[in-house]
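Multiple structures follow.
Presented sequentially are two complexes of chain A, the first with chain B as partner and the second with chain C.
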Partner chain A sequence: MTDAADETPARGAGSRPGDGRRRRFLSPDAAFGWMSRLSACVVLLMLAALLFVLGEAAIPAIRDYGARFLVSSDWRPNELEIPKRDARGKLVFDGGEVVTEKIPPSFGALPVVYGTLISSALALLFAVPLSLGAAIFLVRIAPPRVRGLVSFLVEFLATIPSIAYGVWGLFVLAPLLQDHVEPALQSLLQHLPGFGWLFMDTHGRPLALTGRDMFCGGLILAIMILPIITAISRDVLHAVPRAQIEGALALGATWWESIKVMLAYSRSGLFGAVILGLARAAGETMAVTMVIGNNNQIQPSPFAPAQTMSSLLANEFSEAETVAHRSALVEVALILLLLSLAFNIVARMLFVGSSVQPSRAA
Partner chain B sequence: MMTLIRWAACGLAAAGFLATETRLQGAGATFPAPLYARWVAEYGKLNPSIAIDYQAIGSGGGIKSITDKTVDFAGSDAPLNDKQIQALGQGNVIHVPSCAGGVVPAYNLPGLGQDLNFTGEVLAEIYMGKITRWNDAKIAAVNAGSSLPDTVITTAWRTDGSGTNFVWTNYLSTQNEAFKESIGMGTSVKWPVGQGGKGNAGITAIVQQTKGAIGYTEQNYASENKLTYGKVKNLEGEFIKASPESISLAGVGAVGQLQGDVLKANLWNQPGKGTYPIASFTYLIAYRDLNNLKSREQAQALVDYFWWATHEGQQYANKLEYAPLAPDVQHKVGDALGHFTYKGEALKPKGS
Partner chain C sequence: MSILGFQGRRRLRNNAAFALCLFFTAVILAVLAAVTWYLLSIGFSSLTWKFFSEVPSGCTDADVGGMKHAILGTGVLIVLACLGAIPLGMSTGVFLSEYAAGSKLAQSVRFVCDVLAGVPSIVVGVLGYELVVVPLGHFSGWAGALALGFIMVPLVSRTTEEMLRLVPDSYREASYALGATKSRTIVEVVIPAASGSLITGVMLAIARVAGETAPLLFTALGSRLLTLDPRQPFPSLTAQAFVYATGPYEAQRNLAWGAILVLISLILILNGLIRLASRR
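Then we have the complex of A and B:
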C-alpha cells in the first residue's frame, strides 16, 4: 500500500537526488509530466477554440437579430418579394407597374429551443422512472448473475450508434405510433373534455397523426438516455454505505422504507445522473432528426411535428447558402453548446457534492 | 516490423509514381449524381488515363467549392445567381445544362384506381395549408371519377436546401400569388404546415409510411422508389405525367432563354403540347479560363469531358430516367464549351 503511494506522484521519483540515473536535460519523468500538462491544456484549448470559432461565426446573426433571435419564432431563410402597399393597404403603382418590395430573411430560434427543451423533458419523463426502477433492481433485488448480465446489456445499449436508433425509430417505432398507438389514444381521448387540443394545431385544423412528432422524438430520446441514467444511478446507489440501510432496517423500517432511505441518501447523485441524461438528450442529433418531423413550429400538442436545435443543424447546415443563414445556424449551435455546458456543470456540481460529502446529502 | 513498414512505404510511393493519369475533381448537386457516376464510369472505359471524381455534396456545397477553387468543376441544380457569378468572376464562368429533371407530386392514397390530376393552384393551396383533406372540392373538381377519401393531408417537404425546393417553390409561386407572398421561392423556405424530411430519402420515407401524405421528389427518384405520382396541368391545359420525354420538351420551349456562356433557363411552365410543367435543368460549372488547373492537359481533359457528357453521354440519361438535352439546347451548349481557355490559349473540345 505504501509502496504504491510512493510511486504515484509523477515527478517525485525523477527529482530525487542520487538515484543513480544519469542526469539529462529533461528526465523522462519530467518529460512525461509536461506531456500530461500539455494534454490537459489541449482539452481546455479545444473548448476555448470551439467557443471562439462559433462566437465569431455567429457575429452577423448576433448583430442583426440581437435578443430578438431568442424570442422570435420566424425561421425563413429565403427573401420574399411582395407588392408594396401604402398605409391604407392599397397597391403602390409606378408607371402602371406594381411596385414590389423585398422582405429580407428572418431567423428566430424560439421554436428549436422549445423543441429541444420539450423533447428532452418528455425523454426524462419516460426514462427516469424506468432507469431508477432498473437501478434499484440491480442494486437491491437482482441475484449477482442476473445483475452482471443486465448491467452488461444496459452498458451495451449505450454503445449503439445514434443512427441505428434513428433507423429503428423511423421504420419501426414511428409506423407503430402512426398505425396503432396514436389512433388508439385519439379515439380514447378526443371526445373527453380538456383533451381536444392534443389532436388540433394552433389554427384549429385537425392534426394528421403521422408518428413522426414530438412524442416520438421524446420516446426515442428516452430509449437513448436510459442506459446512461441507469448505469450512473446504479453506481450512485451502490455507493450508499451498508450501515445506512442496515441502520434503517434495525430501526424497524420495512424493505421499501429502506429503499427510500437509500434514495434520500443519494438523491443529489441521482439528480446528477438525470441531468447528465438531459444533457445527452439535448444534444442528440441523428435519431431525433429522423423521427421528430422537422417543422420549426411551436405546437402545444405532442403529436405535432417539431424541431430541435440539433436536428435543425443536421437538416440545414450543409446546404445553407447565405451568410445570414449560416451565421444564424452557428448561433443556434452556440446556444446548444452553452446549454449543454450549463447542464454538465450542474450535473458535475451535484455529482461531486454527493460523492465527496455524502453526510450532507443524508 | 520496421522493415515491413519501410516496404509498405516504398510500395505506396511506387504506386503514386506509376499513376500518371490526369485527375479531375468535381462536387455538387445530388440530383444528377447517379447519372454523373455513370458518365464517369463510361468515360473512364473510353479514356483509361483520365480519372474523374464527382462528390455529391449538394448544390450549395458545390458552388462554394468551385468559388474556393477546391474542385475543378461543380454541379448545381439551381442556376448561379448574379452574386454567385460575381464571386467566381464576371465573364470567367462557363455554365451549361447537362440534363433536365422534373419534380413530381407523389402521394400515398392506397386503393385509388387512377393517377390523380393536380393543378398548380391546388398544389399551392395544399402546401399553404388551405386545403387540408383529400376530398376537398378543389381536388375533386379536377378528378372526376376518383373516389377521394376524407383523409387529412400530410404535406412533406425537403428540409435541406435543394434544387428540388428551388424548382417546386418557383413553380408554385407562378401559380398562386398568395403562395409567392407568404412562402416565396428559394432553395430553403419556411413551410406553414406539414413535416420535413432530409433529402429525397427523407421525403420518400414520409410519403411511403403515411396514408394521406403528399411530397415532391425528382421524377426518376419517384419512379425508382415506386412512389405513386400525379399528373400536373400544363400551360396548354393538358394534364401531363412526368417522363423523360415530357420533361425534355420543356427544354425545347426554353431555348430562347439560353444566351452566352452562362446558359440558364427556367423550365417551369413552358408552352407546347405534351410538356410537363415542373421541370428544371441541372448545370455543370467551371471557370472559363482554366488556369486554376495544374496543366494544359488537365484543362483539355475537362473540356473534352464536358463535351462528351453533353453529347455522346446523353444516351445514358434516358436509361436512368433523366431527360436528355433537346438538340437545340445541345447546340447552344456546344457553342459555350468552345469558349474555354487555358492561360489565355483557346481549348477546342475533342469531337466538336
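Then we have the complex of A and C:
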C-alpha cells in the first residue's frame, strides 16, 4: 500500500517539513501520520469484518439449505408434530391413538425477501411522485424564503427517528386505516371485477382488515424515504444548467415542457435518488416491524399482514435458541446487507461525474 | 380533447402539472404536520416529573414509574460510542484530507465510508451480537456501544474530511514556513481552525445514533434497572419505548410516547446547536 501522494504533501505545501533533521526510526511526526493511516485501514476492516463475521455465522444455514433458502417459503424454527398420514392421506392409528410424526425445522427466506421487495416497491410508488413534485416545487416554483422553509421542514422529517414513526404508525396510522380507509376501499373495490383478490387471503377467504399490513408498512416507509428522495432530487434538478431551461423556453416550451427537459437532462441523478430511497426503505426496521403485522407468509393482497427481512430479525433474533435458527437469521441479515450494498453502489455510480454529493444531501 | 386544440391541450397540461406540484408539496407538509402534531400532543401529556425521576416500578397501572434508567442508559451508550468512534473517525478524516487525498487508499476508504453509512442499522446489530454477545455469553452495554460506534465512524470521518478541506492552504503553508512539522500543523493549526464545524459533525452523528433502536435490540437488549455497568444488559430510551409501545398496557404506552418526545427534543436541540455553530 505505497502511495505516491505520501511523498509530496497532499495539500501542496512545498518540500516535506522536518526533512533536514536526522531521521529517527519513527519520529513523532511520522507516528502521527501512521496512526491516521492505520485508522483509515481500520475503516476498511470494518466493512470486511461485517461481511466476514456475518458470512461465517451464516455458514450452517448456507451449508444446510444452499440455494433452497432463497426459494423456500417454509419458516419453521421449531420441530412440528403432525398426525401421520398414509399414502392415501388417511390418518394412521395405532391402538386407537393417532400416530404422529415430527417434521424437522425448516428455513426459507422467500416470504421475507418478498415482503421487503413489495413493501419497498409500495413505498416508492407513494413517495416518488410526491418527492419529485416537491423537488420541482422547490427548484422552479418556490420563492427563496419559501424554499428555505420547506426544505427545512422536509429535512426535519428525516431527523425523526424510526421508532417515532413506528409508534405513530401503530397508534395513529394503523387504526385510521383499519377503521376508515380500508373499509372504504373495500366497499368501493370489492365487487369490481379484477379487484376481489385484494381482500382475499391465499385460501380465498375474506381477509380480516387489521390496519397492520403490507399497505401500512409501505405507507410508513414512503413517509420515511420522502425526505431523502426530495433532498437529492432537489439538488440534482438544481444542478441542471440554466441554458437547458432557457433554451427550452426560448423555443416556445411551456413551463411544464421545460421541466420535462430538466427531468430528461438529470434522469441518471434522479434514478440514483430513487435507488437510495429504495436502499433506505429495504433496510428500515423499527417502524416497519411495528406496523406490518409480522406474518411469515406470502399473501398476494397488500391488506394482509406480512414480514420483511429486517422485521423478521427484529422479532426473532434475540429469542433464537437453536444454532440452525440463529444462522438462518444471520443469513437473512447477510442477504439484506448485500442487497443494500448493491443498491448503494449502483446509486453512487449514477452520481459519478455529477456535482451532487448524495452523502451530503442525505 | 379535440375541442381544446393542440395549444389548448399544452396549456391544460401545463396548468395541471403546476397544480400537481403544489398539491404534492402540500401533501408532504400535511403528513409532516400530522406526525408532529400527534408526537407533540400525546407526548407532552405523558411527560410528568415522575417520567424523569423514577425507574419502572413493576406495576402496569398508573404507578408504572418513569424512564430515568433509560434516559441515563441512552446517555451512557452515546458517551461510550463516542469514546471509540470520535478518535477513529477523526483520525480517518485527517488521513483523507491531509495525508493522501488522492491516493487509491483514500479513494477506497471514502467509498467504504459512503457504503457503510448506507448499511441497515439492524445488520450492525447482528455484527455486535456475533462479536460481543456470543463470546461474553450474555447481552451487554458494550455490545450496544460498539454497534452505535460502528454507525458513527463513517459519518464522523466523512464530515471531518470535508471540514478540514475547507481550511485554506495558506494556513498550512504559514505553519510550515514557521518550521512546524506536519503533525504539529494539523493538531495546532488545521484542526483548531475547523473546530466549530468538527463539533457540528460530531453532533450530527450523535443526533443520528441517539434515535437508533434496531442495533440495540440484540446487543444492549434493554433493562428495567438503573445500571451504570456496561457488562450487563443495558437500558435505552429507544429499546424501552419499543417494548412499552408493543406491549398491552395503556400506562406503558404513554411512557413510550413520552420517551419519543424526549428523543425528538434531544435531536432538535442538537440540530439547533448545529445551526447556531455553523452560522458563526
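The rule we apply is simple: the second predicted complex is superposed on the first by the 292 of 362 C-alpha atoms of A that agree within 3 Å, B and C clash if a C-alpha of one lies under 4 Å from a C-alpha of the other, contacts with A are read in each partner's own complex, and residues count from 1 in each chain.
To be clear about the criterion, a contact is a pair of C-beta atoms (placed from the backbone, for glycine too) under 8 Å apart; a residue touches a chain by one contact, two chains touch by 3 or more.
Note that the structure is predicted; figures quoted are calculated from it, not measured.
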Chain B versus chain C as contact partner of A:S318, first or second or both or neither: both
Chain B versus chain C as contact partner of A:V99, first or second or both or neither: neither
Which of chain B and chain C A:P305 touches, first, second, both or neither: first
First, second, both or neither for A:I141, with chain B first and chain C second: second
First, second, both or neither for A:W168, with chain B first and chain C second: second
Partner chain(s) touched by A:M349 [first = chain B, second = chain C, both, neither]: neither
First (chain B), second (chain C), both or neither touched by A:L157: second
If touched residues of chain A are counted for chain B and for chain C, the larger one: C
Contact residues common to both interfaces of chain A (with chain B and with chain C): 170-171, 290, 314, 318
Residues of chain A that touch chain C when the two form their complex: 1, 3-6, 9-14, 16-18, 27-29, 31-33, 35-37, 39-44, 46-47, 49-50, 53-54, 57, 129-134, 136-138, 140-141, 150, 153-154, 156-157, 159-168, 170-172, 223, 226, 230, 254-257, 259, 276, 279-280, 282-286, 290, 310, 313-314, 317-318, 329-330, 333, 336-337, 340-341, 343-345, 348, 359-360
Residue numbers on chain C that touch chain A, as the complex places them: 10-11, 13-14, 17-18, 20-25, 27-29, 31-32, 34-35, 38-39, 42, 87-88, 91-92, 94-106, 108-109, 111-127, 129-131, 139, 150, 153-154, 157-158, 162, 169, 172-173, 176, 179-187, 207, 210-214, 217-218, 221, 238, 241-242, 245-246, 253, 256-257, 260, 263-264, 267-268, 271
Of chain A, residues touching chain B in the complex: 74-83, 170-171, 174-175, 178, 201, 203, 205-208, 210-212, 289-290, 293-296, 305, 307, 314-316, 318-321, 325
Complex contacts: residues of chain B adjacent to chain A: 57-61, 63, 129, 132, 152-154, 159-162, 169, 180-182, 184-191, 193-198, 202, 205-206, 209-210, 212-213
